[in-house]
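In the two complexes that follow, subunit A is the common piece, with subunit B as its partner first and subunit C second.
Here is the complex of A and B:
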């Protein structure tokens, strides 16, 4: 669905994105993860054809991005992080307007509004919407023409936990329908839950690319942390696969002195920090 | 189909943002003003009114339309849609042309103009030119003040020779200057049909510049300058 070969791009003479190579397969959810200014949004803009002056090759749906025609967007849906709606029009009017721009038969506006819990607000002006409501409306605007490829920029940003869950379920539902989804996010938990594969982007380079599970398993085994009382509370950590050889733990179990014991896997965030030396801010 | 939809939605936006209401009020005022003038001045006054307002409204209002769209990041939505810059431009030109024609018709009838088709053709030609000029400036600016300043040179270049021509204060060859030629059509002054050649060349040039400016505006709204 997407092939990127030797991609370099710079806003000035200095390259901002350097020699990137990756592929996105049809039907997968692919995540771009990285701190602010890492190059995620620039990469997304190149992929959606907004920055044609790049070096290398970027093919989306078989079309070289720098050579795309406007009908390229009949098959692509883009959900920007910010609202791109006419504030003085109602939600329904906005969706009717934007659906009228495509040749493809639009999806049912009523069903889409209902799916994101906005049906009862359909006839309210967008200027009266909260940030979270605008975010949900923006998301369904990207689905209106039923595109095969979706670009989602921070789709859960500004959503409360209930709507966050709903949004993630909707994204997974689109994947089930066979859509390819590119997700740009800061949120490691969302990425772990949603993405088939993720790319860690720092300073315009991909530092790691794999499934969240493989990244976690490759970089760190699960640990067991246990506590006991001995002149105050003591804590020890031991790798799960070496637990049988931990004498202290065996002794505490025999003496029935364990206060707590739990296993923990590293999170994607831990792996990101380990690989990139950066946190997601 | 998409162009038709864009035109219909543009007309709805213009109605929603009060353009039609504003021009209904202005038209009544213009008609009252015309009736207050002596008969021998009415036709020239009507020509100036039509040329400087309904015909030129596209130039004044394109600033408002594009600034409003920029503030709501609508250019980003257009940039990633199948809408072509040419379709967007044509829709604005046609929708503003429609209001211009209605208002010009009412003013011309009130002034007792006999050759209404001539006035309507002149108004339409002027409206296309002014809307394209407004779009060219609006696509480049970030505030209403910048727009007002940016359009002043075009207003002087367009209005001064046209009004001087109306009062016979320009040499004959000036009739070929497109804005003067348009005023001649509205004021029903006998002039050469060859003026259309220069007018068409100007419109092609303005369309090309507007197209380039709109495309640049759409693609740069994502935060990156090209």
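Here is the complex of A and C:
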């Protein structure tokens, strides 16, 4: 679906993205993860042909991005990280206009509004919408022409837990229909849940790329942390897969002196910190 | 092309909403009627009062120069306002990644309005012009007028970031329409300081009945348009 080879790009003369390589397969959800300013949105903009002055090769749907024709966009749906609606028009008027910009037969506006719980607000002006409502509306706007490839820039940011869940379900539903989806997020949990593969991006570089599961497994097994009393509270940590060899723990169990014991599985966040040396957000 | 047309209609709806369309269409017609029926009347009145053979008549050509720019400037200004609003709402960036595309957008916002303004201008000039220019002159005059509209629209979208600023820039940029006055009133070669303005050459063309001046005016316009367009492209990238 997407092939990126030796991609370099800079807003100024100094390249910001350097020699990047990756591939996105058909039908997968691919996540860009990284701190603010890492270049996630920039990368998406290159992929959707908005920044044609890159070096290297970027093929989307078999088309080199910088040479795209306008029917390139018949197959691509974009959800920017900010609202892109006519503020003076209602939600329905906006959707109607945007769906008229494609040759394909559009999806039902009513159904899409219903799916994100905005049907009753359809005739309100977008300027009267809350942030979360705007991002839901922005999202369904990307689906209007039923594109095979979706670019979602932080689709879950600014949503309450209920809407966050709903949004993730909708994204997974699109995947089920065979869509290829690229999304960026700061939220590790969302990424773990949604993405088949993720790329960690920091300062315009991919530092790791794999499935969330593999990344977590590569870090090694979970740790067991336990505490006991012995001249005050003592704590020890041992890897779960070496627990049989931990004499102290065995002794504590035999003597029934354990005060607490729990295991902690690494999260994507831990992996991210390990690899990049910094936290997200 | 159908999509470009739909996008153009969307703009017309916005303009109608703001009553701007009304002003754009009616303004030139009213102005034309004033020129056609008011000016000759005023001229005969003044000539009798001041006991002169002619008073305003030598400047009829100048009136035509302004009139040729009027419809285009109004229409392109309205389009520029819509573009500014779309920039504010960030819709413009989204439109670039739809089936419309960047090219389609630019055609719908600048190409089609200029085209319509051109035709409208020709009709208006044909009806209301006081000098009754020949067909070649008429075409050249209309074309230069349209270019002026396009130049002002581009200046507005390049140099302002919102509608309020846009209004201010429009007032400022209409100054470049005044170049046409120089050939009529200034003998001294100092007038050539205004040569970088296409309106200067329009005035000269009208005064001296010279097609060459009109061609120079068009060339000057093209330079302006290209430079502004490159700036605009940078701005929306």
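The working rule: the second predicted complex is superposed on the first by the 279 of 281 C-alpha atoms of A that agree within 3 Å, B and C clash if a C-alpha of one lies under 4 Å from a C-alpha of the other, contacts with A are read in each partner's own complex, and residues count from 1 in each chain.
We adopt the following convention: a residue touches a chain if its C-beta (ideal position, glycine included) is under 8 Å from a C-beta of that chain, and two chains touch if they have at least 3 such contacts.
Just so we're clear, the structure is a prediction, and the values are computed from it rather than from any experiment.
J.: Just from the overlay, do subunit B and subunit C fit on subunit A, or is there a clash?
T.: With subunit A aligned, subunit B runs into subunit C, so clash.
J.: What is the contact status of A:132 with respect to subunit B (first) and subunit C (second): first, second, both, or neither?
T.: Neither partner.
J.: In the overlaid three-chain picture, which partner chain does A:98 touch, first (subunit B) or second (subunit C), both, or neither?
T.: A:98 contacts both subunit B and subunit C.
J.: Answer with first, second, both or neither: which of subunit B and subunit C does A:147 touch in the superposed model?
T.: Neither partner.
J.: Compare subunit B and subunit C by how many residues of subunit A each one touches, and report the one with more.
T.: Subunit A has more residues touched by B than by the other partner.
J.: Touching subunit B in one complex and subunit C in the other: list those residues of subunit A.
T.: The overlap between the subunit B and subunit C interfaces on subunit A comprises residues 48-51, 70-71, 73-74, 76, 78, 80, 82-88, 97-98, 100-103, 141.
J.: So in the complex, which bits of subunit A are touching subunit B?
T.: Touching subunit B from subunit A are residues 11, 41-42, 45, 48-53, 70-74, 76, 78, 80, 82-89, 97-98, 100-103, 141.
J.: Name, in rising order, each residue of subunit A that touches subunit C in their complex.
T.: Counting only subunit A, the residues touching subunit C are 48-51, 70-71, 73-74, 76, 78, 80, 82-88, 97-98, 100-103, 141, 145.
J.: Which of the residues in subunit B end up touching subunit A in this complex?
T.: 1-2, 5-6, 9, 13, 16-17, 72-74, 76-77, 79-84, 219, 222-226
J.: Provide the residue numbers of subunit C that touch subunit A in the complex, in ascending order.
T.: Of all residues in subunit C, those touching subunit A are 3, 6-7, 10, 14, 17, 85-86, 88-91, 93-101, 103-104, 237.
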